[in-house]
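Pasting a structure below so you can have a look.
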Amino acid sequence: MTETLRLAVVLAAKDLRVERRSRTALVSAVVFAALVLVIFNFARDPATVTAKMLAPSVLWVTFTFASMLTFNRAFSLEKENAAIDGLLLSPMPRGALFLGKYLANLAFVGTVQAVTLPLFVLFFNVGLGQALGGLLLTIVLATIGFVAIGTVFSAMVVRTRFADLMLPMLLLPFLVPPVMGAVAVTTRLLSGRPLSEQMAWLRFLGVYDVVFLTICAMVFPAIFDE
Amino acid sequence: MTTPPPATLPHLQARGIERRFGSARVLRGVDLTVRAGQLHVIAGPNGAGKTTLLRILAGLSRPSAGTVQVFGHGLREHPEHRREMGLLSHQSLLYDDLTPLENLTFAARLYDLPDPETAARAGLERVGLAHRADDPVRRLSRGMIQRVAIARALLHQPRIMLFDEPFTGLDAPSAARVLEVLRGQLAAGAALLVVTHNLAEVWPIASWVSVLVGGRWVIDEPRPDDREAFLTRLHEALGD
Amino acid sequence: MIPTLDDAHATIRRGLLITALALAGVGAVIVMALWMTPTEVRQGLAQKIFYLHAPSAWAGLLAFSLTGITGGLYLWLRDPRLDLFSEASAEVGLVFGVIVLTTGPIWGKPIWGTWWTWDARLTLTLFLFFLFVGYMALRNALSDPAERARFSAVVGILGLLLVPFVHLSVYMFRTLHPQPVLLKPSAPSMDPRMLRTLLTSVGVFTLLYIGFVTTRYGLSLRREARGVADGD
């Protein structure tokens, strides 16, 4: 178990180092997020639709699509020079491969969110105030599950010719339940409702995370078990 | 060529390997044994199943039937024995954005070597690339990349080495380097398995030759002394 | 392990027979719905579409569940026939899904004034439709049959797990966000004759699913059997 954790951290650290050197996925995702926010701001009639009405949906659509851009990085990196064979040949358990890639993906998605949230507050003039703590909790809960699914699907689609098209096609249906919950909670938090009233959706998100993280960890080895 | 008496467990042994899916049969009952200090060559036309066989022997694929044992242990039941294996492929298995030092340190950590960075530096010294340790692999020449790949493959001192078309697309000095690695490993008592089109290169140091056609051995014997006669038989077997 | 041509043909024949029976059953259900079931007072004659529409959604869900379950079994047992069945079930499910998604709006628009409603049944079927399409697209993008089987199984399992979450989230969305009540073909109250027609229809559509999937599976077996005859 500790060996799995150690190897996962080694793998994630390597991924982060590669990204720091090449800067491809993260920069694209962040720029994309900023552009989406800008477009949404202009893609409404300010007389009839206030920024406030649209804000929660915009935030979550932006998070979702920008995060998806980062997923394919994890395994296309290993496809070059067949580096994946180096990993599979080593004593590293497949669980460590999943965990390592999952942790790296969480780091990337977290970074995208950390940059997008302040931009969102700025562009949409949203007062977070009391809602910040609850919002952060919601973001964490809504992210854990779908990053696990994204990790599994990206490992598979990288073997196809149109990985960047296949990934959204497979992944988007899975994003609807957590986004629904996240938008519902975000809307209410931004309207000043207390966190304690959002327990039903938060529990929903939590169960979603536990179920999918577990099942993804269980089916992931089959992807590489030729 | 005498075979050493089988006093110990062979380094690598495969029995009854089959690989099929539905009606497609890629491997139909393949046996193989490689012992210390032996070089086993596998040749055959494309699509005969050589790559599939190699991946099964490396523990990367599972056979539909049959067993693969490393020092008497199956890799699925004893994944820790993976550390006895190394792979040198025509692909480098390296990360182009990282430096040779970073690549080797990562590999050292994967194999849980004590003091990974020192091991990595030593590995680079051995292939004469200590002076380029901090240049991203992307900026190295093909020959240098190959040397880093060799360093990576040998880093954890595997006792079984698998070579997947190691001579493909190499110029003479690089091919010579691979041959040097093969000789060195044999001398150190490793068991070597080489999948190649290029029988001529490894002929002098090979102990055993097997030719795979349509998922089966059509030739499977100790490497004979008369190369010409063998090549004639080989052409007949391949139906050239 | 490798199917023979005879096995394949027998399976296809059985499938076609069951399908024919089921289609006759569909005819019977239509008769039952029109002449042997009372008309719902508020919604009128058009409500009777429900007796075909809802069981189609049920058949789609059944198809999808079996795709997921046989996918899981494949990962465990690695029997290629499980993968063939999984694929057959997905294709059949896609057909049922398309039926639900097209008949719903086509009848809905002239009667209730709207092409689409986000009610639980239509929404879930829409999700199943997307999951089926994704499943088939992934299969088509993979050439190695063993890889295709494994990856499809993963998508099938995860998709099956998604279904209860979609259902639950739609329910929570609607109860926590009251929506205008739209008249749509729905299960009316308890009249036993309505229940009888509905249950009969569910049974008939289940049979139709079995017929379609058996035929489709038989066609896959035939392709495999022919592969052996030509190849090796």
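Some points to look at:
Letters A, B and C mark the chains in the order given here, with residues in each chain numbered from 1 onward.
One rule holds for everything that comes next: contacts are C-beta pairs under 8 Å (C-beta built on N, C-alpha and C of every residue); 3 or more make two chains touch, one makes a residue touch a chain.
Just so we're clear, the structure is a prediction, and the values are computed from it rather than from any experiment.
Innermost chain of the displayed assembly, by C-alpha centre distance to the whole-protein C-alpha centre, is A. Taking the CA centroid of subunit B as reference, the farthest chain centroid is that of C.
Rounded to a whole number, the gap between the C-alpha centres of subunit B and subunit C is 49 angstrom. Centre-to-centre spacing of subunit A and subunit C amounts to 31 Å, using the average Cα coordinate of each chain. One inter-chain figure worth recording: subunit A and subunit B are separated by 39 Å, centre to centre, where each centre is the mean of the chain's CA atoms. For subunit A, the set of residues that touch two or more other chains comprises 225-226.
In subunit C, the residues that touch at least two other chains are 146. Contacts with at least two other chains are made by no residue of subunit B. Looking at the complex, you find that subunit C touches subunit B at residues 2, 80, 84, 145-146, 149, 224-225, 227-228, 231-232.
Across the interface of their complex, subunit C is touched by residues 149, 152-153, 156-157, 159-162, 166, 169-170, 172-174, 176-177, 180-181, 184, 200-201, 204, 208, 211-212, 215-216, 219, 222-223, 225-226 of subunit A. Contacts from subunit B toward subunit C in the complex involve residues 21-25. Subunit B makes touch with subunit A in their complex at residues 55, 58-62, 79-80, 82-83, 85-87, 89, 91-98, 102, 106-107, 109-112, 136, 152.
Of all residues in subunit A, those touching subunit B in their complex are 3, 7, 10, 14, 17-18, 21-22, 77, 80-83, 85-93, 225-226.
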